[in-house]
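In the two assemblies presented below, subunit A is common to both, partnered first by subunit B and then by subunit C.
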Partner chain A sequence: MDKMKSKASTDGSTKKEKKNKRKQSKDSQDDVKPISNEVSCEDNKNELVDEKNDSTKNDATAQKLSEKELRRLEWEKKLQSQKGDKEVTTISNTKTTQQQKQLSEKELRKLEWEKKLQEQKAGDTANSALSKAELKAKRREQQEAQRQAKLAAEKAKKPPSTTPTKDTAKEVSKVEKKTVPKKETKKIIDLHRVQLVQHLYAEMPQKQDSKLLVYNNIHPAFVKLGSQYLNKTILGSNARTLALMAALKRLIYDIQTPPKQELCRYLENVLQTCTNFLQNCRPFAVSMVNALRNFKLHSTQIDTNLIDSEKKARLQDIIDVYINDDIYKAGDAISLKVNEKISDGDVILIYGCSSLLKKILVDAHKDGKKFKVIVADCRPLLEGKEMLRRLVVAGIKCTYIFLNGASYVMNSVTKVLLGAHALLTNGYVMSRIGTAQIALVAKAYNKPVLVCCETYKFSERVQTDSFVYNEIGDPDLLSKTPGTEDPSPLSKWKENNKLTPLNLLYDVTPPDFVTAVVTEIAILPCTSVPVVLRINAIDTT
Partner chain B sequence: MDGAKVREFFCKIIREDEDVSVGVAAIRTLMEIIKHSKSETVQELETNLKDGINVMKNTDYPVAAINSGCELFLRFITLAALDTRCFSDCKKIMLDRGHLFIKKLDEARGKIVRLASKFIEDGSKVLTHSRSRVVLQTLRKAHKQNKRFEVFVTISAPDNSGKQMCKELQAEGIPCTLILDSAVGYIMEQVHFIMVGAEGVVESGGIVNKVGSYTMAVCAKEMKKPFYVLTESFKFSRLFPLGQQDLPEEYKFKSSVRKSSDLKKVHPLVDYTPPAYITLLFTDLGILTPSAPLSTYKNIIWKSIMNMTPIQDVLIMDH
Partner chain C sequence: MPDVENLLDIRRLISDIQHKKLVRSYDIALRTEELLEELISKGQWKSAKELMNLVKTRIQLVRENLPQEATAPNIMRHTLKVIREEYQSASKKKDEGQSLHELVTATPSNVLDYSDSLIDLRSSIVDHLTEYKVELESSSENIAAQALEHIHTNEIILTVGKSKTVEKFLKRAAKDRTFNVIVVEGAPLYDGHTMAASLAKSNIQTTVIADSAVFAMMSRVNKVIIGTHTVLANGGLRAASGIHAVALAAKHYSVPVMVLSHMYKFSPTYVGSPNHEAFNVCVSPAGVIPYATGPILKQIEVYNPVYDYVPPELVTLFISHQGGNSPSYVYRLLSELYHQDDYDL
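Now for the complex of A and B:
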């Protein structure tokens, strides 16, 4: 902590001085990583300036908002600061009853839901066995954050220009000095970010994310879906897409067009806010983006002269057809094609959990083929366990290994089947992290690798590494070892500035490692993705 | 036409005309079936054709070529059926288009020869495997262009078709050496490139060819010699073998062998060469890299036939 303070005070000093100081200091660790320290300091500055910019933006938008909404926002902030403390929330309940009377019914429902969510979260944090001190620290952190935001807002009002000149920089440093504890907490968060994937953290949804509370007029089905995405109760791109489509159907069923508006146009707007909300819970999967695009495209083609109920029926039809054709029937077709390739005596290696692979293997088993499956799995999600359960229930002979045992079993494997999150235009396969390793080992052992993927997961994006675009999962998961009583030695990583766990969710597999991609159209080499995309584009236009 | 007649007609074409490849012979036979067919519906005609294909597959000629040629032709027939109302009209259109189709196929080899002969330079040593009409014509053409080069031909067991290839080349006056199949590695270091034909091109971009091609390709890759494949585009087939085991039995063994004994002890006729070992594919659509998505090219052939436009134009349109 002392070190941190000293760093904060030397913020204004030049780099040379810093270097000299560091040379004089006998702290060997500091010498090992001087560059990273410098960078983190600079980053801090940048972020503070950014924060300022943000706050001014917020100000501008806030003026536009009506008084009523302003009051509501304030109330929400208050509510948030009291998160984790049930007693206080109950008091606030009694306080706010008068306010609630003034609010419309719709808002009431939303508020109720928010409260529930917060209570849940409070429960969650309690469950995760945090110490009282930690809870206190968290609360303090939040209060500090608020105070900081207020200060910044006041500051932003005074100087009209927002460009980060020297003066503003000084002001910033003043603010820093005033709120030293805040700075420390902020710094700790920053320190635990891997430089290489810095840009990905912006999209990472935090559990106590205030962004989510800003939205109103979200259909309850989407609110529920959002929380399911956030808590990862719905996993896998197929499942996520199906859930999204179900929520969309519910929305269409419930929607009521305001007078003098057309249903489809109105729906488009509503859907936009809903998808924005979902994006904040978890970035969309490629499959979801494609499914939504298809829906939007078809919804614009509906005859505007129809009455609302007919339009709704058509819209529901669009979704049903899409789910049936592009997901279920595609799965059937892929299963048939892969089954031609599975023969008696095969040993098939799969990785993680995939609904499509499960279907393929169960179908092959029903066909009477005699084969063995090796399920490779990986921490932290351990999805393979679920896959293993499903396969064993179906009566398939299975072996369960961890990813680090892949090279040991690869010798006996005859085929490798993999699922995919998306297929990129340059033929790279984006899939859950670890897939590239399996493919690499398979390639080294000359085993055929089949990637099973419906064409609705094809993407126009091009990506050659896993860092440009990815998702960051909860880093806490890495330090938890399921099934053991003792706390992991990594569990206190937040207190160690030198330790940064990184939990990436996806990786990309180069086409060199993949023998073929099985789609509902045909078995293709990886490099044929652009062709399929072009055919699909012709079909839809 | 009954089975025996179809069989006779098919074998006659191949026997009489040395230059006709099996695939083209198969398509000609199908045309003959349409001409003599007494069926009144498209459905019936189709079943007739399918029966004919089965008869041809049961001859001892390579199935890979018959399969891909017929597959293409059948698809083309079903498409033609959509255009007209009356069956007699339909039949006429089918025959017209069939002739056009065969004409295009006949032109195909000339195009390949033109493309590939440029790759043979003065003083080069060429290694080839078994007997391929396209390769033979390419070498002839290069010889006519007064290029001096030397050819090595493998004997190519079990049917020793390399011997015939060698004889034909020597008759042209091209210096030619017959080598053992097992001497491929020995000869590899002195040749400049390898040129082989193909019985079929599969969707991965790899080829199915006379057994021994794979050995040659692996060897060439290791010695860093270019491995060129000369093949007509109608040989593209909708198959995606994952390895040698995954090749259909009918490709690997003659029909007479297939019916009888334990297949483990029979020598296969063909093997599968994965695209990673192939440098270039010379086709009538142009020179392709094996990683190029072959399925598109197949679509292009179709478009060119259906729209009656020259293939080159369609290629330009598509790129």
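Now for the complex of A and C:
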């Protein structure tokens, strides 16, 4: 991996080659990952629940598991086949001789390259120089092929202007957009939309979304991240932010400034394309928006007279500092504060899965506090199972219930701890759907409700209902019933226009249900959000 | 012991309920009624007192075996009242009233002991019960007939899980009005799915949500219409688990909660606290977390409660076949349904 690094910085190579290098470094990264990534190793050790849930892990999810890699490849394949189906007329930039006639062989090409590179690596790990030469040769060959393909494309009455000019690499960030003919099925889908949340369906990414096919020149780290967001293998705002930051670091590491351009400016453009792509995979979490905003703000403050490698180091630094200060250290501080509030004999009710809550509870357990945790959970995501697994592995005594059993156990509960997706300026807590209900029941039983939330999740947005800004999950998840062989009566919902499953992802909890919000700054009432936002704004400027 | 033999009928009923052969309270009510009719017309009894004792032993048996079951004892309790009434009218004696004055002035000789054997008693009770059976059978129809008084055009109505009565009610309203129904799926039984599919088939715009989305959706809901397992004497409910949260959310958004209930669900029992052991029952956790989850199951506790207690202040209206009543009026309905002496059996 180090070898690749030095090469990447010295070699003024074209994009094609860069891509190969990315692949290579990714491959090698995959090899070393189990050692370098301590956190995930530790988590893997005591695997109890099915592998799948693994991916929801917050810690360094950005790092690749080979399983995820496989999934990404699958996804790419899917995209590829789809492209073939729909005959999207994306003109690819380069073509292998095999697949010259195909319009969307980009993904396949990637796979091919990966395969080849793996073979190379297997054959001789030290032949990087050789492979470099090989790659160059290959590149020339492909450029030749590309030129031919262009000509062919022109002949086939396809506008050549849409082909990004690869050689200059100036328009790397250019997005190629193609209008896909509207499908006839669209009208039927429209009928299956709940009136109240019509506006949310527009943002809802379809698993086979044609929108995603129009993006070119996305850094592979972002392509992968996009698919992980789309398939919800990375869940939770902390995990999503960490993954985004990791991808961003990767991008900074790989980026090559084109001549006569300034790195930070150029990076901004590239990043914009990448984030647009990600937005189409899944709308950004508030935490991600805040993290990106912080990064952009700081990147503009970098001295433009520095050389690229120094700038890159600074940019990486910005990210590292942010991750460390605003996420990890904030988590530590919150954990300390909550631990003061946990005493022996406590029965703590939590809902769903939160990396922060897990940390808090495990820390309290390590401190020797004797308490019980009740994990409430709800379909369709069933994140609580993952939480349960992590807590049991840590040796904490746990009880598991569904959300509808909350009233049954609430009497025995002494504290309710909740995670948050975002804290809104009007004091409302935006969190995983169901959180409001837990808080509501807790309020009815007069139990203290503590929301644990880092200040980087605070948002200037205001909202009083759960409809204006929300996300819609896959409705098919609702029509499946776990544990029974018989298909649910809902399974044929698409055939009945009157029947619509609605799978909202978030809800907002009114501040009157929340006793206090625990942040790294202090334990605050919900209504203090604007104050904190103002302090943070002053700090950063 | 002929007594034990006679109890076979009720034992069969109990076992059927325990084995989930009888699930719907309506089926249980009909079975109980038939059982009583059989007992009265063919049973070994000479006086009303003997008959009442036969019924009382059956009530006790049900209560011992199925502490949560309310329908069967309620039907039997009502039958006791029928027996008392018929006895009084046949013997032309009057029961001492409920007023304080009558209680104070009552002399022991006046007290009815129901021990006289009367010739017409058997047939008159059977007649009365047949009438009652007709009432039972038409009950859900009568409730559904009131649908238009409660649902207006373009309403959004939320319901939880599956209830035949609610289904009928909504379908009746849908004949004349258009409205939307949100069905909460009701994990871990997911009977909301069946309900939703059935409503959609009747051309009602139906949305299915998970239990977690109740609070989010409630802000847009006009009415909550639910069924219940039992109506308690204070006007509270013993309903499917999860309904407490639904009712709380409704209260938070000031959405009226309407409970459709047959008269036999009105129970003269008070609940001291919802955590009273006999109140709730936890069933197999398999519905919550499958056994296939693995070794983690050894280290955790799992609860799968069946019922929720909903306090009367969260209920707006009860709709029975006689019309709507507020929870504060339930005690009065009870005294019409059952005799004071039969409340605690």
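The rule we apply is simple: the second predicted complex is superposed on the first by the 357 of 541 C-alpha atoms of A that agree within 3 Å, B and C clash if a C-alpha of one lies under 4 Å from a C-alpha of the other, contacts with A are read in each partner's own complex, and residues count from 1 in each chain.
Everything below uses one rule, namely that contacts are C-beta pairs under 8 Å (C-beta built on N, C-alpha and C of every residue); 3 or more make two chains touch, one makes a residue touch a chain.
Here the structure is a predicted model, which is why all the values come from computation and not from measurement.
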Subunit B versus subunit C as contact partner of A:Asp465, first or second or both or neither: second
First, second, both or neither for A:Phe402, with subunit B first and subunit C second: second
Partner chain in contact with A:Val441 - subunit B first, subunit C second, else both or neither: second
Chain touching more of subunit A, residue-wise (subunit B, subunit C): C
First, second, both or neither for A:Lys369, with subunit B first and subunit C second: neither
Partner chain(s) touched by A:Lys296 [first = subunit B, second = subunit C, both, neither]: neither
Contacts of A:Arg389 with subunit B and subunit C, given as first, second, both or neither: second
Partner chain(s) touched by A:Leu499 [first = subunit B, second = subunit C, both, neither]: second
Overlapping contact positions on subunit A, where the subunit C interface meets the subunit B interface: none
Complex contacts: residues of subunit A adjacent to subunit C: 48-49, 194-196, 378-380, 385, 388-389, 392, 398-409, 411, 432-434, 436-437, 440-441, 444, 465-467, 470, 478-479, 481-483, 488-490, 493, 496, 498-504, 507-508
Residue ranges of subunit C in contact with subunit A within the complex: 180, 185-188, 190, 193-194, 196-201, 203-217, 219-220, 240-242, 244-245, 248-249, 252, 274-275, 280, 286-290, 293-296, 299-305, 308-309
Subunit A residues touching subunit B - in the complex, by the definition given at the top: 341, 343, 415, 448, 450, 515-516, 522-525, 527-528, 530-531
Residue ranges of subunit B touching subunit A (in the complex, touch as defined): 203-205, 238, 240, 242-243, 245-246, 275, 291-293, 295-296
